[in-house]
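One structure, as structure tokens, below. Some questions next.
Order of writing sets the labels: A, B, C, D and E. Residues in every chain begin at 1.
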Amino acid sequence: VGCTPSQSTGAQAGEAGNKTPDKVRVAYMPNMGSASAVVSGIEQGYFEEYGLDIELVQFAGGPAEIAALASGDIQIAQIGHGAHALCIEGEAKVFAIDALSLSDVVLANKDKGVSRIEDLKGKKVAVQAGTSSEIILNLALEKAGMTQKDLEIIQMEASGMVSAMVGGSIDACATWEPSSTTIMNQMGDSCITLAGNEDFLEQATFASGYITTDKYAKENKDILVRFAKALLKAQDYRNPHIEEICKAVAKLIEADEATILDTKNGAKWLTGEEIKASLEDGTIKKYYESQQQVFINAGRIPEPVPVEDYVMFDIMEEATSSYK
Amino acid sequence: MAGDSCTVKVKIDHVKKVFNVRGNEVVALNGVDLEIKENEFVCVVGPSGCGKSTLLNIIAGLDVPSSGNVLLDGNPIDGPGTERGVVFQQYALFPWLTVEKNIAFGLKLRGMKREDVQKETAKYLDIVGLSSFAKSYPKELSGGMKQRVAIARAYAVNPEVLLMDEPFGALDAQTRTQLQSELLQTWEREQKTCFFITHDVEEAIILAQRVVIMSARPGRIKEIVEVNIPYPRTQETKMSQEFLELKNYIWGQVYEEYLAVRK
Amino acid sequence: MNKISDKVWILISFVTAIVLWQLISMSEAGVVFASPVEVIEKCIKKIADGTLWLHISYSLFRVIAGFSLAFIASIPVAFLMGWYRPVRGLIEPWIQFVRNIPPLAYIPLIIVGVGVDERSKVTVIFIASFLVLVVTIYQGVRSVDATLIKAAKILGASDRDIFFKVVMPASTPFILVGTRLGLSAALTTLVAAELTGASKGLGMMIQTASGNYDMGTVLLGIIIIGIIGMAMEKFVRFLERRLTGWQETHVQ
Amino acid sequence: MNKISDKVWILISFVTAIVLWQLISMSEAGVVFASPVEVIEKCIKKIADGTLWLHISYSLFRVIAGFSLAFIASIPVAFLMGWYRPVRGLIEPWIQFVRNIPPLAYIPLIIVGVGVDERSKVTVIFIASFLVLVVTIYQGVRSVDATLIKAAKILGASDRDIFFKVVMPASTPFILVGTRLGLSAALTTLVAAELTGASKGLGMMIQTASGNYDMGTVLLGIIIIGIIGMAMEKFVRFLERRLTGWQETHVQ
Amino acid sequence: MAGDSCTVKVKIDHVKKVFNVRGNEVVALNGVDLEIKENEFVCVVGPSGCGKSTLLNIIAGLDVPSSGNVLLDGNPIDGPGTERGVVFQQYALFPWLTVEKNIAFGLKLRGMKREDVQKETAKYLDIVGLSSFAKSYPKELSGGMKQRVAIARAYAVNPEVLLMDEPFGALDAQTRTQLQSELLQTWEREQKTCFFITHDVEEAIILAQRVVIMSARPGRIKEIVEVNIPYPRTQETKMSQEFLELKNYIWGQVYEEYLAVRK
């Protein structure tokens, strides 16, 4: 990964001094949602600027990332919505927000006579339990006065859904990028989108973000702040240069550029500015509260936990305080 | 079984058998010619390793000659057949079957009725003196007992041709004598053709009409000795002049071969 | 020393396991490892709402069906491979190729081929156990003592008879290994199999719980699979005692 | 019929495979099944940018290291289990329990235990192949003819000698089965093993491509794993010929 | 080896052996008492299945008596030891080792130097006449050849006590005679103690100082016959009056037992 010097030289540059950079290993998953910000930061040399030497370690899913954090081999992990449940339970702490996922959709096969949520009654619908798409499905059903019990729910993994949808063995599915795009491309006109994240922004926010262990946070607060600062710059760079970042991510994970480009709208890519503002007006806290509510509704979390217990607003604030 | 005693039952014609052992050739048989007539009792003697078992395997259809032919009733042998029964030198009992079931194995394959199988099995168990071990597994038997099961198993299917490879080798002299006379009686009564390998020259003379003496490796037929002592032969036969002369002669012939191997 | 019975050893192992488990769950690994108490709570909850039995029975059916079909199919295939060269030539490369491929990899194909109903799960489990069984039993067929086959031929056995009455009993130790490993393969493929679309089943339960980061339920599922496996091992032991009494071995 | 050599059969199998593959990729299964041309394109691309070799060499190292360690460990363990009752009592329940658990289930635990570097991948592969090897070789140890052990004892063999000079050679057929299935287990666990935080490796490549619906790369990965498996089988064959020449069997 | 010939080497004291076969008890030995003196040559005869091999196994330390004691040099036997060598009835060759390596097996275990191993192996290969089969595997040998490998293997480790279970049973009469005299010479030269099971009464008398006659199941010692014919014994010995009388006597005794089994 090359590090082109940044155009925006800030006063922060001095913070790193001539000390040898602190080494940080960061866990990520091979998709845009997870890798875009950190890749942007590395590409632009923001982490270097803040005296951080980032080593990326790729994981296939949240549980392995969390385990790696616990082992101490990884200091920081980028996680999606689901793994936040563990943070709520106190297993790890969130110290930076990354993006809001928009990639979940409920897709249906028109040829099977489904054109509205209501038509799903008694139909075979594939979901993968515990994913944010399942929550979107639940919300959509709720809006139509239905529950999962009204459908024939089939638990399936994302790649299975593609073949099952295209092969016609299921009538609808709740899925996410890039399987959703693949299904839409393959099925053409027969495919209809019944619901998506945009429909339920109030009820459900699927924030992704960066987490670390309690212990690391206590001992290395300084590093986390620097990381968060660099991340804000990276997020600023990401939004206007999303295609460039897509290509960089594609290169990193050795995927087709086209595939990754397809997912460029899979999330609301937060910028530093937005984060600073949302933090000040309490929107970010609301994101996390709404996210926790999703877990409570699903029965995953028995009772509410103060958001402050697991989201380190202090670090977020310190990072944004010096933000231009 | 209506054949007159001059029909050739088994014809071995220029049989050669070469084993390929990691590149080297071991010639086990080299140009063996032999005609065994219907209802004939032939014994084979020869030094250890001269190819007796190999010849028996070929007649049984379990091994193919490298060159030459073997005919049974005038037809080339191609694989084993139920008209030939074999007692193997190493018994080859089925270790997962009881004594009884080992003996019944061939009978059941012939689709014999259950009660007949039982009757036959019991009969041969009695002949070999193992009635009280019917339910034992081979591993629970002594060496000689295993050998007797193998004998009973071969007898039970009542083959026209009996091929026996040192079948009484592991038995005490008394059981051996008993089984010898039992075999002779069956042979006379049921017109079987017998090909019987033994190391015991006395046994060969007591049983056989002709004794085939094989020469040391590469195995050939050195000489065929006719035994003109009339049946039934008994323990007294062994005291007769004729018997003793034959015995000495055959012993001497085999001894020559034995010396040839020792060089 | 030898007087201590098997039961005692199992007890010792069991207690060690529980203690170890508790210790692990209290260490930093606790993040991904629920404590015994948590698991028991989950268990009681799932028994109370009746879902546990459903999961177990669905999965059990799939494992038993997939394995049984594999067993029935593998024995003749292994025999034919051992006996007839053309069959071996035709089948062997495929078996060798497929057996090294992770089951996850062919799941989409199976969904397309047989759909998402019970058949797809049974198929995945079938494939996994079939491959193990065929490889093992084929080796067994190859190792049968030639003189026993000769003896059977002489007694008039057809190829079929030789197969059922000689090769099969003579390969019992291999068939037992195959059964053990085939059952293991069936159970370890359960999670993958139930990714082909299921609403009930232990694999699904684990999968769902893992998606929800509900480590108590994940562990509960794993333990149940482990226990099912041990119960099946008991059954194999029982067969073993019945089938290999004739073997002359050193170990009792 | 028998004159057609093995090579011809492999060729027939190969051509059938390619034709079948093309047909499947043209059917509705094409969504999840890239065509041969696509896969070849991916392959060329990945060779050109040099990543393919990296993936292969990382994975190969892990598989070989994990399997070799498992092999070395399993033989004495299987022997001790067969020989000493207390060892058997202590170890067996664990092996029976763990061998039925999907590897995916214990991966988080391994990450916590040994971290995310090469050790964790090697450990996952080690466990998977060790369990298969131990079960197989233990059965082999149990099946050794008692008289051979007696003969060795009489000639002055210690337990160690009996193990190395009698039990091991006598269990060769079982060790071969164990090696075959252990290698399969190593390869099929590769994807799971590389979930423990890797950036190189065939499993990771498949995993990432599958997440991105890049079926050409998924299939390429699978085929490479299959080919590696077949190459390893060739090696096992070679060993087999060297080690079992003494066996008296029917099949050539 | 300095012991005088009156020291007791092996003492068998009230040995009983019961096999448990699926709930039933098979009494193989019942109250066997026997003292074998140092450098004594004892032969054992008896009907098939009377417990000879079982007794040998117990002396070898491969099987434990159900009751009673076996002492070697005054110490209870607990497991096999290198001072005893065994030729098994079923050979028990290691199928994965060549003939040569089978014979060298025990020598290597003793840590003998390579060249000495080679020398010893070659020597015993020659005695049993298998020098040209040194590199063969057991499956490539004839029955008698396998037996000879087993004999060579037991001899090679040069044990004080030789326990042999029908060691010459699968051999032709000539090889048998040769190996008999070879064994006698070794025994005389090296002061070995021999326990030798055979079905051949002549063989027993030619070899033994005492012949133990065992009775039919449950195995007991029926009688012990002293053979006072001086060594060296040769083929001529077999013609002597003393020999023939002994032979008839022993034959008769075993015959009684044989009849007892047949009822």
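Note that contacts are C-beta pairs under 8 Å (C-beta built on N, C-alpha and C of every residue); 3 or more make two chains touch, one makes a residue touch a chain.
Composition by chain, UniProt nomenclature: B, E = ABC-type quaternary amine transporter; C, D = ABC transporter permease.
From a predicted model like this one, the values you see are computed outputs, not experimental measurements.
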Using the touch definition from the top, how many steps at minimum link chain B to chain D? 2
Shared chain contacts [chain B and chain C, defined touch]: none
Please indicate which chain is farthest from chain B, where distance is taken between mean Cα coordinates of the chains. A
Quick check: which two chains are joined by the most contacting C-beta pairs? C-D
On a C-alpha centroid basis, what's the spacing between chain C and chain D, in Å? 17
What is the distance, in whole Å, between the centres of chain B and chain E, each centre taken as the mean of its C-alpha atoms? 27
If you average the Cα atoms of chain A and of chain C to get two centres, how far apart are those centres in Å? 38
For chain A and chain B, let me know how many angstrom lie between their CA-based centres, rounded off. 84
Scan chain C for residues touching two or more other chains and write them down. 28-29, 31-32, 108-109, 111-112, 147, 245, 247-248
Considering chain E alone, which of its residues make contact with at least two other chains? 22, 90
At which residue positions does chain A touch at least two other chains? 63, 66-67, 70-72, 159, 162-163, 166-167
By the touch definition up top, name every chain pair that qualifies. A-C, A-D, B-C, B-E, C-D, D-E
Within the complex, chain C is touched by chain A residues 62-63, 66-67, 69-72, 82-83, 85-86, 91-92, 124, 126, 128-131, 152-157, 159-160, 162-164, 166-167, 169-170, 298, 300
In their shared complex, at which residues does chain E touch chain B? 19, 21-22, 26, 45-49, 52-53, 89-90, 129, 135-136, 140-145, 148, 165-166, 169-176, 178, 199-201, 251, 254-255, 258, 261-262
The residues of chain E that touch chain D in their complex are 60, 62, 79-82, 84-86, 88, 90, 92-97, 105-106, 109-110, 137-139, 153, 157
Contacting residues of chain A [partner chain D, same complex]: 27, 29-31, 56-61, 63-68, 70-74, 158-159, 162-163, 166-167, 178-179, 181-182, 186, 253-256, 259-260
List of chain D residues in touch with chain C within their complex: 1-2, 4, 6, 8-10, 12-14, 17, 24, 27-29, 31-33, 82-83, 85-86, 88-90, 93-94, 96-106, 108-109, 111-113, 131-132, 135-136, 139-147, 149, 173-174, 176-177, 180-181, 183-184, 187-192, 203, 206, 218, 221-222, 225-226, 228-230, 232-233, 247-251
